[in-house]
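Sharing a structure with you now.
By written order: A, B, C and D. Residues from 1 in each chain.
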Amino acid sequence: MRLLVQKTFEAVTFSDRANALLSDNFWLAAGFILLALITTVAFISILGLSLVYVERKIAAHFQCRLGPMRVGWHGILQTIADAIKLLLKEDIVPERADRILFFMAPVLAILATVLALMVIPLSPSLQVVDLNIGIVFIAAVSGIGVLGILLGGWSSNNKWSLLGAMRAGAQFVSYEISVTLSLLVAVLFAGSLQLSEIVQSQAAGWWIWRGHAAGLVAFIIFCIASTAELNRTPFDLPEAESELTGGFHTEYSGLRFSFFFLSEFINMFIVAALAATLFLGGWMPFHIGGLDSFNAVMDLIPPGLWFAGKTAFIIFLIMWVRWTFPRLRVDQLMRLEWKFLLPLSFANLILAACVILTEAYFFA
Amino acid sequence: MSVTITSLSERIRIPETADSPLDTQEYFINMGPQHPATHGVLRLMLKLNGETVQEVIPVLGYIHRGIEKIGESVNYRQFVHLTDRMDYLSAMMNNWVVAMVVEKATKTELNDRIQYVRTILAELERIQSHMLWWGVLGMDLGAFTPFLYGFRDREIITDIFEETVGCRLTMNFIQPGGLMADIHPNFVKRVKEAMTYVKPKIDEYEELLSGNVILQERTRNIGILPADEAISLGVTGPPLRASGVPYDLRKVEPYGVYDKVEFRTAVGTVGDCWDRYWVRVEEMRQSVKIVEQLIDNIPEGKTMLMKPAKKIIIPKGVFYSNLETARGILGILIASDGVSDKPVRIHMRSPNYNNLWAVDRISRGSRVGDLVANVSSLDLVVPDIDR
Amino acid sequence: MSTSDIIPGTPVNEPLPQSELVKSILALDLRAAPYEGNADCPAVQVPVDGLLKLLTKLRRDPEFNFDMLSSHTAVDRLEQNVFELVYYLYSLTKQKRLLVSVLIPRDNPVAPTCSGIWKIAEWQEREVYDLFGVCYDGHPDLRRVFLEDDWQGFPLRKDYHDDFMLTREPIES
Amino acid sequence: MKFFDSTNGVIGHKLLGELTIEVVVAPRARTGSAGIANWFGYVYRSILSLLKGMKITLGYLIRPSTVVTQQYPENRATLKMFERFRGQLRLTYDDNGYMRCNGCNFCELACPNGTIVIKARRNAVSNMTELDQFIWRLDSCTFCNACLQACPHEALEWSKDFEAAVYDRRLLVYALNKYAGPPAIAIKRAEKKQENVEALKATVDSRKRYEGKVPLAGVALPGVPALEMEAENRE
């Protein structure tokens, strides 16, 4: 028994722990998985709610407003009230909608989100599953999210929704390339597809500066392209409130809408977490080569906090951009990707390869 | 006689020519009456091919209140308050045009105080209207923040109105024969404060939106309206000036005290969305300049020359007068029988109704996103279209 | 308002002296006549069949160059049993305004369209059709603007009445 | 480096027919159409312009003093309307509690919407018309101020109360006078002449004032019980 407990605690990820338990007792493992599931659902809900709250507050202060102030201290319970409202709302299905697809679409959207969340190392000992093909997995499941949006727009039997869905399809397919290419840069640097190993590889310095310009450019491209994948201004064309009245989710209400909404915010977290993991060292503390005392102080901050801080910074950046810029037009969006970001990504990939071949890292 | 009356359903019928289901087909889509980008109840039937606009058919009447019909059963003084509800962002100018035509018909000479105050109020109204428009344009293009900045700064000016008039939006302040009341003692001070507040804000608008590459890309060479077509389409106001025609009634036929102030007319070169955008931003600056020139020199005098207890009777005939509101030329036609204190016919030539039809011309062949920018750059106020 | 006197300063009804503009239009010999009523700007009157010719001339002739139709509407003269169609023309280059007035019978309200001369006329005429029922001959798209397509009657006519017209309920005390 | 050489526009003159008009001509942004160097310049300027916008919004974020939101129901105590604010119509009363309105009907005639209905009666003592009931319909009032303008006795004023929302339209029909009877001016005249003062004062009939949130004539409405006080006045 003691061996089992030890084995369970030594394991890094949820899945390893479940495996360790499974080798001994099926029911124990089942219980653990159930617990893990509940924790994950709770984590996603709380994360989503707090992100919504933070976004509303930050947006308000960008706009000289106060934001929610009524429910709880400084409106801290506002999103919970909103969530309850959404859950209690009448569920409306358009008369001639494709019902099965209409019900499936939000589930697909949230599914993709949850799956992608699984592989992100939140701290050295907090990760659901550490796949050795983590990056590929993320690139793959984020495609399911597009499917959800496409189906949602198609099945609503609304021309505006369809327009939004078509825009979403085109946009996702295009920007997926840039995202993947910039992910590849990090993979090249780390020499691994496993996210935990990518984090470990940044012990000597984060890729954003260790990889010279290549790391920085890849980081920026990743941020831009994934903002486009998130449907956020300036790339919120699939929603485009002032053009398409809400785009693909025009016809959704209540619980189904909240699925789309939640997945959007969790996706933002995933993107920020990925950017932090790949380019900002994940949970690695900030180290400067040679300054040992400084590094020791930095090590005192727990890795989970490092990760949270970096993620929060990128989330703030995404919000900041959203609440400042107008939206691009659909053809300009395509032009930005195919004529600007894509060539740049390729060039950057080659540059990264050169950096690696010459081993000209900083802090080598 | 070849008079044929058509209907909307005939207009939007698509001939079924597509034999193969794989053919692309044009389709009609309703933009409005409840659509975020049409600012009220404007309904545009869009004929689209994919996302390319083939034709725009405006469908009106959702807020038609028959102001012209009501006008035939109220007297001139009572009619003024109805005009507030047409173009509610230029309520002051709408009041003024009624006062203007009544004064013209009864040959009432106004003193300088009335003229100064009217001019200042109209220019303040123009500034706040353009501020709101600026914010709304930002929102239509997807940036929500300018919307709130515009509203925030507009509030300073509506506060001035509230202090002097008592209302923020529907004023009913400029009456035939003068003003409803004298200006508030704080008026001059507050206007000066507001002008010092507004000037840096306009520069900030330029920094936030005008210089922004996304706005540039969204507006430059979009919705080009050549000058000759603009004139033929009856477009007036900033859209006409953006096409390069320096036609500003404040310059061409100065009313109020516009002949005593120095200001420049903002004109564009191409007539695209960007020119329309810039002309309005520049008009805000020019309006600030006008107000600053006038605010220190308001002369003394009576503010009401027609006793409210007496009926206003206009001589028999047809009278027309017009002025430049924030959106273009607002004209008013009054046909009077010379006996009654109520008009036989009252017609408002509203700037928005005439500007609206340019949407079809400038949006054909562009994307839905450009259409939104076009509608926004024309700055339509729907109650003024429908009246 | 017990006193129903006219405000002091109101002039007695006097026609405007004929301006140069009106004189030169009358000289065109296009059946234009000086405006019979009282107007506050240069005004002419034409019979309905001479309207299009006059307007085309006024638009195209560089001497006049009325390039903008600033306003077009109708006035219901019920006692004379006519509609008066009013065209306010404006010349941007000469900054001159002109009123052209046409009388058409109420029982057969047909007038030629001038949407070929000014594009905006198409929609201003639609408004007049919608509210007065004046039919424009040759109009490309004559249909209701504000009211529904199946609306009965033309609301701005003086004799218009429908059951939905607002009457205020008496107040109980 | 800017998008424009100057956002201020180019000052010049333009001809409109024979009229010379002083104009400012809109600037055009420099585009990156020709040449690779131009294109890089365009990209650089674009990024700069985006950063400039972000600087402005960040400036507001880090300065909480720029927040303009008013916390409305909480700030009721300090919220002060402007003195000319058109809130709700009220009758004015003199120091002795007599109203200035003598039921002359001018406001009713001036009202464009038929919002004001005046019921007048003849005083038994002085044989002059006086106000019986002043009915104001907030539901059709457009706050155009015509009644105040028309009133020769300054008998009307606007209260600064702006919270007039109710759940039923019928609640918006107000009766403004608290009594039916001689106006202040008649009382004053009688006091001056020293005749019939008491008899005149005796003609004052109390009227229930409805100044908001009270049903018309006290009838019961869904959620609003019938008014007991009304029963005696109800006919």
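Just so it is clear, a contact is a pair of C-beta atoms (placed from the backbone, for glycine too) under 8 Å apart; a residue touches a chain by one contact, two chains touch by 3 or more.
Bear in mind the structure is a predicted one, so any value in this text is a computation, not a measurement.
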Chain nearest the overall Cα centroid: B
Result of counting contacting C-beta pairs for B-D and A-B, higher pair: B-D
Inter-chain centre distance, subunit A versus subunit B - centres from mean C-alpha coordinates, in Å: 45
Length of the line joining the C-alpha centres of subunit B and subunit D, rounded to whole Å: 23
Where subunit C and subunit D are represented by their mean Cα positions, the distance between them in whole Å: 37
Intercentroid distance (Cα basis), subunit C paired with subunit A, Å: 64
Subunit D: positions in contact with at least two other chains: 16, 19, 50, 53, 56-57, 68, 106, 110
Touching two or more other chains - residue numbers and ranges from subunit B: 145, 152, 208-209, 212, 214, 245, 247, 252, 309
Residue numbers of subunit C (touch at least two other chains): 1, 92, 95
Graph class of chain-chain contacts, one of line, ring, star, complete, other: other
Interface residues, subunit D side, partner subunit B - complex: 2-4, 7, 9, 11, 14, 16, 19, 21-29, 31, 45-47, 49-50, 52-53, 56-57, 68, 82-86, 106, 110-112, 142-146, 149-150, 152, 158
Of subunit B, residues touching subunit C in the complex: 1-9, 11, 60-61, 64, 66, 68-69, 104-108, 229, 231-234, 245, 247, 252-253, 306-307, 309-322, 329, 331, 333, 335, 338, 341, 344-345, 347, 349, 353-354, 357, 386
Touching residues (chain side subunit C, partner subunit D) in the complex: 1, 91-95, 168, 171-173
Complex contacts: residues of subunit D adjacent to subunit A: 50, 53-54, 56-58, 60-61, 64, 66-69, 71
Interfacial residue positions of subunit A with respect to subunit D in the complex: 58, 60-66, 69, 320-321, 323-325
